[in-house]
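Look for chain A in each of the two complexes below; its partner is chain B in the first and chain C in the second.
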Partner chain A sequence: MKTATIAVMLSIVVFLGTGCGVEREIVDDLSLVTAVGYDAVEGNKVKGTIAVPNFQADKAVTTEIFSDTSMLLRENNFKLNAEANRPLAVGKLEVILFNEELARKGLQKLKDVFVRDPSLGSRVRLGIVEGSTTEVLTREYWDDDSGMYLSDMFEQNIDRGTIPETNLHLFTYNLYSKGADPFLPFLSVTDMVKIDGIALFDDERYVGRLPYEQTFTFNSLIGDFQNAIFPVYRGDKKSASVSNIRSDRKIQYNGKGNHTELVINVHIKGIIREYRGGKITKKVIKKIENTMEKQMKQQAEDILNKLQELNIDPLGLGNEYHSEHRNFNWKKWEDMYPNIKITPKIDVKIMEYGIRR
Partner chain B sequence: MKLFGKKNKKNKSNSLKQPNNIVELIDMCKTSSDFMHYEHSIKKQTIWLSFYKSLVDTEILHKDILENLQEYKHYSLEELKESIPVEKVLTTKDVEQMQNRMLRGYILLRLDEYDQKGLLINAPLKKTRNVSVPEVEFSVIGPKEAFLESIDTNLNLVRNRLPIPELMVKELKVGKLTKSKVAVLYIDGVANEENVNTVIQRIKEIDIDHLVDSSYITQIISDNPKSPFPQLLDTERPDRASAVLTEGKIVIMAAGSPHALIAPANLTEFFSSFEDYFLNPVIASAFRIIRFFSVVFSILVTPIYVATLTYHYELIPKDLMGTLITSREVVPLPPILEAIFLELTIELLREAGARLPTKVGQTIGIVGGIVIGTASVEAGLTSNVLLIIIALAALASFTTPVYQMGNTIRLIRFPFIFVAYLFGMLGVVLSFCYLIVHLLRLTSLGRPFFEPIYPPRLKDMKDSIIRFPFSRNTQRPVQLQTEQTERYSKRDATKKKDIDE
Partner chain C sequence: MGKPISDSMKISPFLVLFLITSVQVGVGILSFQSKVVEHASYDAWISVIIAGIGVHIIIWIAFKMLRQDQDIFDIQKELFGKYLGGLFGFIQCLYFLVLSTIALRLYIEIIQVWMFPHISILYLGIFFLILVYYVINGGFRVVVGICFLGTVIPIYLLFTLIFPLEFAHFHNLLPVLNHSVKDLMLSSKEMTLSFLGFSTLFIFFPFIKHPKKAHKWAHFGVLFTIVVYVAISMVAFVFYDEEQIKTVIWPTLGMWKIIEMPFVERFEYIGISSWALVILPNMTLTLWASTRGMKRLFRFNQRKTVIVFLIIVLIANVLINGHERISLLSEYISRVGFYMVYFYIPFLFIVYTIYNKVRKSK
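== the complex of A and B ==
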């Protein structure tokens, strides 16, 4: 009993005396930031916009927007705090957006504040916005808060294979990895905010993007994904939509040294979801498979050419090559990469085509 | 300072005055109005009868005793004894014995008022209720008998189920004033002798003036009486009592108590209902797992709510955020006060329901559950989410089959809530560590209380959180260190039968 009392007293002293108690943050007394966006302005300043959901009693959610300009991101937060009725808390941050122009200058310094904050999850989604991020955040998303809406949008599209998995953790991993470069979803604002392709990075700098039409092929070159739709165009009467139920990437190395040839084997198992031409026979399936292979191969070659031209490696081929070669030399790989021959080999197999009523 | 009472060194011993001879004894007893002492004349002679009329069955006195004495004149006590057809008749001169026996419903019969020697005839009045349905440990299927206040009936109920000579009953007397009979039951050759000796020794050492119920014994002989956890299992089911006897456990019964105690016990037993054995093992195991889950849920859910809302808003899933915040928005209290308020409300309801007569109690339940719950939410004192959480936690704590354990679970939640408010999740983890360490240190009759879990005993796991079929449960629990470890042959139990002919 005595020891128990001592133990209790001791832990109270240890935890209270050393100030080890965590700061009290009651959830409904905070302004929970769900999304932030950063835009480039003149000089080395950044315009920061944050979205805070305001939950109404009737279950509707409105978004409060705070915006200010400063050099440091935390400084910006501090400034914005002066406008908010409750302290801003970034622990529930879901989405971080950067403006295209800002991304061109490099994200390394900017992402630091997010990596440094322990209350922030590493599964925060990042995105690059064409135009102003403020516009994306201030938009009305029906009953939803903009941060939640965008977060759901990213998540849903990653699940459905529109874009490969990206988040803060993967972004920083690819950023610091020698044999890979990061990529992020690219948002454009038209009538609606939509995912419009993939933003490619050379290290920390945004250098180019892939259009939306090429995301399926890009995804298949990266690795496993599911449920995405690929339209196979064969004229008005024979076009079809194929969704993939499985996709596999394998890399093969032919030759040695500078004469190495990389072959990316992509195996796709798909289902025909839509066909313009009526009855589907084995012959039709064969033809659809062939056309799809051809179209994807064309796209893959375009993508690979672009990547090699920009000298970037979002597919992580450097890491793959490293893992399978002894006496690997990064210097040598960097010299080799722009000129190495990379051949995509696409193999499509239609597993089923459904029935018609 | 009289705050703690006057320290009175004299007159400390509370032993009662002892009569020196029979006249003193009769005089002492006569001061009580229910003591009868008179000369009774039957046809051929007169005799002196002394007894407590409140303890003696007058029907036995008239029909069995007096009627048989009518035929001829008796010249000695020996002759009298022969003509009385009652089983316990003894001749004695011992004054102390006379006093004790008369207080247990014996009649003192003497030939003359000043005779030293007398006959003690057993004629106790036994007024007990009939064997009824168990109310605390009710089961839908299975036997519907429960123990009574009468220890003899209770022993009968157990012995009927175990008709073997090895079933031993050791009777002891506890309580200076109540002199209550306490019986220790075990199966000789199965129960560990050390355990039996420990129980008997501890009961013998009890120094108390009154023993009214078996729960007194639990509190006194527990290994750690300060612990909130009951360390002896109590049951009102004779079937359970006899089942644990065959396992090698010891059953303690006290006169006047409808609850028997089972020792040694371990933690998992407090969460297993005896009905589990009447169900198919798969279903029984599922129910047990649900019960274990509900215990953990009941202890931890409110503290986690308090910790999360006070410190760790990051942990709340984003889809739940809206619901939580909108329901908390109007509440002016911090989560801790909100939680304490509701927890106390539930405790009040339970206490009120338990104290009031059944019919009023039901009304209280309805009033409390519906009116107070909804009203407090509408008044903005508590949030909807917390109301649901607390109600579920209370419900979960009621799934514990042993009442005493249910109380403990509801009680230990409060320190958890306070610590959760002070240190957040860290505090919850810390207090859970204290709880686990406390459970690890507990023993029941010197056997580890946390047993099949720690120290890990895989063999005992077969009948703890899940229940294996009877064919796989052929060994007695390791915890009990029984003299005979095998219950029945495993080979026979698991043998594949030929096709029935």
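== the complex of A and C ==
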């Protein structure tokens, strides 16, 4: 009896083992999309460009490019499928780019296709491109395909503290958050494609950007980052480069209600990497610290003025304020934000100065 | 009272912990966060604790009410007579049958949405149900064994909660207790589907060797579930924004999406596959309880009812299609379960206590 049951079960298993109705997908038979770019074109349409790496026998990778226009992004994918020799799969997507013009119109509707698809990772990097994304994707990047290259470029810049951490998850987080606005790295195209500052968003719309020089200070206002370089200018003989080992941000609230004053305390621990003036003494260190504090404070004030003028909050101050105050009202905060007094307080401590005196 | 169960069929008291935990942790844990925040927003983890305290109370009632070798059918028969008591018992059996069905359907839905949109429910269901049949056919002790494994093996998934903390915004949880008691209670009501199923205790009670000793283990089981739920909800709350989490259907799976390891690009595929081991004890225990009830009520052969019930589960699974219908059904059953557990059982307890007092005084 028992053996009979087992036999029956086994035969059922073998019989069913033939498929379960699952569609077979073999990696070699797919075009794995690594980067997509979207440009605004006339009307309501979007021009989509897709980069697919093509691995050559000599280990080099070339990028295949497909491009077409349509209103919906999936429709675009569908159209591009007609051009591709293998079905396009987005499971390995690393980078999503939007051009400036499209971002100005708003990304809320566009990002839907990416957060709805279960096969897409949450760590996909996003970026805003000056000009056309097609140009960024069609460029040759030595032996790399464009998706991989751009993704590595974003990653190492985030590790090195040039830009704050951004990815699809954080972008959607800030997009939905009532007390924060999203920001993305801004790419510009010259001889090279380079990260050229930070694109600022008012909710879903791109409204302005911070220049590359201000990213260090912007990062320090956002929170903790490391390894970035800040140039301290004190004339030809005394200038220095300082890299930060640690940085943290604390927010302090003075006063109540409409008279609230926000103080952003930034503490930076740094190392001198370069000094023009020869021997470094205690006095020199003190002076470099002071100049750096002054320069950063100036930049921080510029940044904060710009943010308040645009009425955007990429620093997430609203969320911070919300977490510290009971009986909080978002409406009141929104009225308050453009006029609230925000003072940056920068404190720089130089810990080491390399292997030379 | 039914035929007393021989000692060789009974289980050690500490295994009750695994029975309670494995039947409580199911598909709900992958998706409960977005429902629970509806009223109490990010204070909802307190609601999870409140709902858990409610479960503790019901467990306490169970051990207070039931005597050794007695289950809920005995009590209902004693109180309401053969027919009315039998009717209540039958409703409970149906309830567990539906609970088992919905557990499988919700799991298959996840597979359909996240992994294989083309998968055939029929084939997958047959596979799963053969396994369920095999387990239940082995008797209650095998069911308990599966519950034990279904709790112990997937425990490693708890460690995956560390990864989303890379993007944690801890200030989301502050200020604590910023909502009214009413909001907290409404949110804890939303929690019930996730905690349901533990009322199988009222049916497998006679199988516990020393019920007095098992009491504390049952509480430990509930405590463990609460800890797991609170941990998962807190991690989700710091990972997602309040408005964002409401747009996500499966927040726990969404958190797994952020995990990237050198050998696996998307962790959720491993997580969902491992989840089969959580669903299996969940289904088997509720289905066992359902068929056991049929045996106690109508003296049906349990082995035969299992086959009939499995076929019902399979057909129901194939017929219930689409996210809207599935979530509607799970909503209904959670409402039924809510009233069954939090209204009917305390009511039964009070009536039974009065009945006993009156009988004694006579």
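We take it that the second predicted complex is superposed on the first by the 334 of 357 C-alpha atoms of A that agree within 3 Å, B and C clash if a C-alpha of one lies under 4 Å from a C-alpha of the other, contacts with A are read in each partner's own complex, and residues count from 1 in each chain.
We adopt the following convention: a contact is a pair of C-beta atoms (placed from the backbone, for glycine too) under 8 Å apart; a residue touches a chain by one contact, two chains touch by 3 or more.
Nothing here was measured: the structure is a model prediction, and the numbers come from that model.
In the superposition on chain A, A:55 contacts chain B only, with no contact to chain C.
Contact with chain B, but none with chain C, is seen for A:26 once the two complexes are overlaid on the shared chain. Applying the stated contact rule after C-alpha superposition, one finds that A:121 touches each of chain B and chain C. In the superposed pair of complexes, A:94 makes contact with chain B only, with no contact to chain C.
When the two complexes are overlaid on their common chain A, residue A:169 makes contact with chain C while staying clear of chain B.
Of the two partner chains, neither chain B nor chain C is touched by A:208.
In the superposition on chain A, A:151 makes contact with chain B only, while chain C stays out of contact range.
Judged by the touch definition given at the top, the superposed model places A:319 against chain C, while chain B stays out of reach. Of the residues of chain A, those at positions 16, 20-23, 91-92, 119, 121 touch chain B in one of the two structures and chain C in the other.
By the touch rule above, chain B contacts chain A in their complex via residues 226, 308-314, 316, 318, 321-322, 324-326, 328-331, 334-335, 422-424, 426, 430, 434.
Considering their complex, residues 113-120, 123-124, 126-127, 130, 134, 167, 169, 171-175, 178, 240-244, 247, 254, 257-258, 260, 265-266, 268 of chain C touch chain A. Across the complex, chain B is touched by residues 1, 7, 11, 15-16, 20-28, 30, 32, 34, 53, 55-57, 59, 61, 89, 91-92, 94, 119, 121, 148, 151 of chain A. Chain A meets chain C in the complex at residues 9, 12-13, 16, 19-23, 91-92, 115, 118-119, 121-123, 169-170, 172-178, 180, 316, 319-320, 322-326.
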